[in-house]
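Report on the following structure.
Letters A, B, C and D mark the chains as written, and numbering starts fresh at 1 in each.
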Amino acid sequence: MVRKANKGLSKLVAIAGMVSLLIIGLVVGYYINAITQQKSNTNYPQEFGEDIAWRTSSITLSGSTTVLPIANACAVAFMNKHPGITITVQGGGSGVGYSNVIDGVVDLGMASREPKTSEIDGAKSKGVDLWLHPIALDAVCVVVHPSVANSSYPLSLTLQEVGKIFAGIYKYWDEVKPGLPHKEIVVVVREPGSGTRGTFEEYTMHPWKYNVTARASVQPSNPAVKNKVETTPYSIGYIGFSFISEKMHVVALAKEAGKPHVYPTVNSIAKGEYPISRYMYLVTNGQPKSGSLADRFIDFVRSKEGQQIVEANGFLKLPYVYPTS
Amino acid sequence: MAEVDIRKLNVWFKDNHVLKDLTLTIEENAVTAIMGPSGCGKSTLLRAINRMNETIDGCRTTGEIYIDGQNIYNGNTDVYELRRRVGMVFQKPNPLPKSIFENVAFGVKIHKLADGKKLNEIVERSLKEAVLWDEVKDRLHESAFSLSGGQQQRLCIARALAVNPEIILLDEPCSALDPIATQKIETLMRKLAEKYTVIIVTHNVQQAARVSDYVAFLYLGKLIEYGPTKQVFESPKHELTERYITGEFG
Amino acid sequence: MMRSRSWEKVFFTILGAPAAICLTVFFWITSVLLTGIGTIRLNLLTTSALQGGLFEMIVGTAYLLLGAAGVAGPVGVFAAIHLTEYARHGRLIRVIDQAINNLAGMPSILIGLFGYAFFCRQLGLGISLASGWLTLALMMLPIVIRGTEEAIKMVPYNFKEAALALGASKWETVKSVTVPSAAPGIITSILLGMARVAGETAAILFTSCVLVTRGLPKSPFEPVMALAFNLFVKIVALGESPDKVFGIALILFLLVISFASVGIALRIYYRRKQPWLR
Amino acid sequence: MSHNKCASPNFLKSFDKPVEKLMFLCALSSIVFLFLMLLFITREGMQALFTFGADFIIGPVWETNSNLYGALPLIYGSLMVVAVALAVAVPIGVATAMFVEEVLPFSIRDLVKSLIELLASIPSIIYGFIGVLFLAPQIASLFGLSSGTVALTASLVLAIMTIPTIVSVSGETIAAVPKEYKEAALALGATKWQTLKNVVVPTAKSGILASVMLGFGRAIGETVAVLMVAGNVAVIPTPPWNILSPVYTLTAAIAMQMGEAAVGTLEYSALFGLGLILFIITLVVNSLADIIAKKGIKGEKGL
């Protein structure tokens, strides 16, 4: 009986194993077939440049989540264009972007702010020369829920007033400006380390040594902040220019009291009139070798095609044509 | 105290026809033994009397059982009240994981028969009736598992007695016990018959002869012979009964 | 003294309500996700991520799963054999037992954190498939050990006796009697372990995944794209459009659920059909 | 069945010892890795612990920009979310376990149990996804909140995720209550409910308690789903029992900030410090569950 039972069972196992192997094999075969067909369909461009080494090389990017959509889309487009190359995009944040470049873990960092002094010092101590390559422009826009202000009752603030709101010095809206509702201000911010947050605080908080109120709601991304402000009455937050929607009111900002209040527009940002604007950067250790993949990728992002991707992802293209060296 | 009248009882477990057309009348205030080889349906018959068969999945019963003239299988019988009236003791002692006192008091509390002082009295009376009181009176609040097997079985009897039953069912109550404990339980059974209708299932022919007033012999789900113990053992009517009694099979 | 049985029935119906809630939640989640089925086209499964498909993520997830099973399977089965067949009950075994329970209860984020500190940095594997395998294997290990132990304990002793009486050594007995008899249970436990880690995000968040790269990893030391990671980054960091994310979520859901249901069904089947228990 | 294999040459037997050693090593692996986890998480978290001392645990401010790391709001957030989740999940889970094991007919019991187990295998990111898309807006409109990503939402999502653990572990112990106990009570005329209340539950109570502890362990370690719906504000709510305010949990902080933290910075170390706190909490909870469960088995024999 022992033998019989055991035999029956191992037979079952064998059959089950074989069937599952067969299925796995079929699936994998089908997949590999599909993918190789895709590859052979793409024609390898028959241009012979001065240097073809880059055509088979690979680079890795990591850093700011703000730049991530641009890098992601550009990487995909560039890889589709040149079938031999590999561009790997990791996440992280601006801090990771810099530190990875400094540690030599990645070829290109992504950053939505300039390096902190600590990062510059760290780079120097390791003999790394940080090069910033602007690839897009973004403005950090201060937005409020329509319950605070709207197109018929617009709101304008100075940078310091904005700072006081985010530092929690103003607790109610009517403390900011008489006539606003007597309601508690709901402050929405990005997570620490975010480039958007870094830029925002550099202009509105750091000059007066303000710190973000502990009551602030922390959101992990621009869409999250957008969603939060859209749905939260009496809230204020800051987002990238491209994320502005009709369900929120954009605040006009002045550098200081007495200066004109400026709304963020393509024009005002490009001219540098809007006070909180920033560049998106790709970061390298030293100038990338001419003709290398890193160099060509940066050029691609700055090319007409790359800048179209930048715009499609909701950022502003660089205000003037960059010399492609 | 109560007469049990079984008419055309049939029990199935799924497709297995366990009891077939059983009809017999069990006398009150006597010990009736149900005997037969393993698998003949003894326990099923016993469990039909307090409708415990129903707790097993796939059980189906037809026929009637009258206790004091009332059919316990008709729709409006309160099965819980029935089980209070018909106490049961199992093959393996099954005290609950509680103290000795709580075990005996369990049924009383469930049926809200008494509380406080009266409850104490009932517990004491039941333990005395089960001839256990002297052995446990100083340790009523110890775990029931601290008792020996025989004591545990008497505790289970006391537990059944505490709720004022009329009939006591014992399902091979001694099969897990040593000879001395068995003897104590057998003596107890004789004593219980003065007050209760006692029905015992046993596959031990000698035990049936020792303790019972009446004996029923079951074979393959059928009642082969039923009558006063003396008569069945001295002059069995059926050849199968004789062979079983003499130990030819079993 | 009459206790109303209908009252009792009402009561048990009330008791059944929570169970009904559980099942409703399950079916609700399933139905919510299935509404997204319209958004996915079948060729999404076979097109490369560079063309907007999910191919590399699906295969990448499979790579992660198979590799993790390849590590956790043998280690877990060996450990279980040792614990059931060789170990004498002693303090060490109690400690091991405790450790397995604790490992089973460890939050996946901690396993991910450890994986990053140990596999990626200390062992220098970096963000790679190999780091992911080891990290996920750590999560699978307790499930495989427990499942295998259960399967081995179900093998009747007289099977082993039969072999031992014929002069087989202990290892031969284990190899030729115990393991084959327990094989269905062992395979089931590995499947259930794979189901546990298939949708795991926190453990691979820092250890093995990237948002985009070309094709599949060519060696275990390259990073990989995976469904769960992509879904996480796309929702949390990029806030991508729900349609696209819905597709990933649905496929991930179906993948995990199918693994789990096959595992659970097999386990029930073999628990019932242990022929020697009949 | 294995005659031919048994007749294998003797040299195979010499493999016995090395194989045995290998198996022993595998058995040890769980201890080794648990120890390594503690070692490495502590090592990386040391810097933060030394910098802040006790303030790392009782400090009320978690503010990355000013490099202040006091984990109290995160610990409180985690405990609060889990407490509410358990308050929902324990009654539902235990009732479900009782219903499944004691009331449901055997034929559909396995099916229902499997479905509940499937509920447990749904990836947490899917729970988070559904929580964000469907549950949070519902909560917001129900309580008139501006945003639905609050502690309560996280608790509900966690409750759903914890229920299967509670059901399966307490169900196991309920099923393990000896049939004799139930028969004893039923034969005395106890109703099904009385049997359940007076016999089954008291006997299984240690197992049920263990299931609650395990549920606690699972809930406090849950990351992705919580991160997506908890709102992530590193402040103890006012008043502290306000479950309609957003909270930040230990796990969410690790997952959100780990990507941002550059290796070697104080932030990086502080995140591992959080990991250490979480590690200790889960270790204690799981060990307690183990002890309770083992005590239960002993109790069945002794009392």
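Following the convention adopted for this analysis, a residue touches a chain if its C-beta (ideal position, glycine included) is under 8 Å from a C-beta of that chain, and two chains touch if they have at least 3 such contacts.
Keep in mind it's a predicted model, so treat the numbers as computed, not measured.
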Taking contact as defined at the start, I'd like the list of chains shared as neighbours by chain A and chain D. C
Outermost chain relative to chain A, judged by CA means, is B
Counting C-beta pairs in contact, does C-D beat A-C or the other way around? C-D
Which integer distance in Å separates the CA centroid of chain B from that of chain C? 51
Centre to centre, by mean C-alpha position, how many angstrom separate chain C and chain D? 16
Between chain C and chain A, distance of the C-alpha-averaged centres to the nearest whole Å: 33
What whole-Å value do you get for the distance between chain B and chain D if each is reduced to the mean of its CA atoms? 48
Pull out every residue in chain C that's touching 2 or more other chains. 3, 162, 177, 236
Identify all positions of chain D at which a residue touches two or more other chains, and write them in rising order. 1, 191, 227, 259, 263
Enumerate the residues of chain A that touch no fewer than two other chains. 2, 6, 65, 91, 220
Residues of chain A that touch chain D when the two form their complex: 2-3, 6-7, 65, 91-96, 98-100, 103, 186, 191-194, 197, 201, 211-212, 214-220, 228, 231-235
Would you pull the chain D residues touching chain C in the complex into a rising list? 1-3, 5-6, 8, 12-13, 15-16, 19-20, 22-24, 26-31, 33-34, 36-37, 40-41, 43-44, 91-93, 95-96, 98-100, 103-104, 110, 112, 114-119, 121-130, 132-134, 160, 163-164, 167, 191-193, 214, 217-218, 220-224, 227-228, 251, 254-255, 258-259, 263, 271-272, 275, 278-279, 282-283, 285-287, 289-290
Quick one: in the complex, what on chain C touches chain A? 46-51, 55, 59, 126-127, 158-159, 162, 177, 180-181, 183-184, 187, 210-215, 223, 233, 236-239, 275-276
Chain D residues touching chain A - in the complex, by the definition given at the top: 1, 61, 63-66, 140, 146-147, 149, 227, 231-235, 246, 248, 256-257, 259-265, 267
Within the complex, which stretch of chain B touches chain D? 50, 52, 55, 57, 80-84, 87-88, 90, 92, 94-99, 106-107, 109-111, 143, 145, 156, 159-160, 163
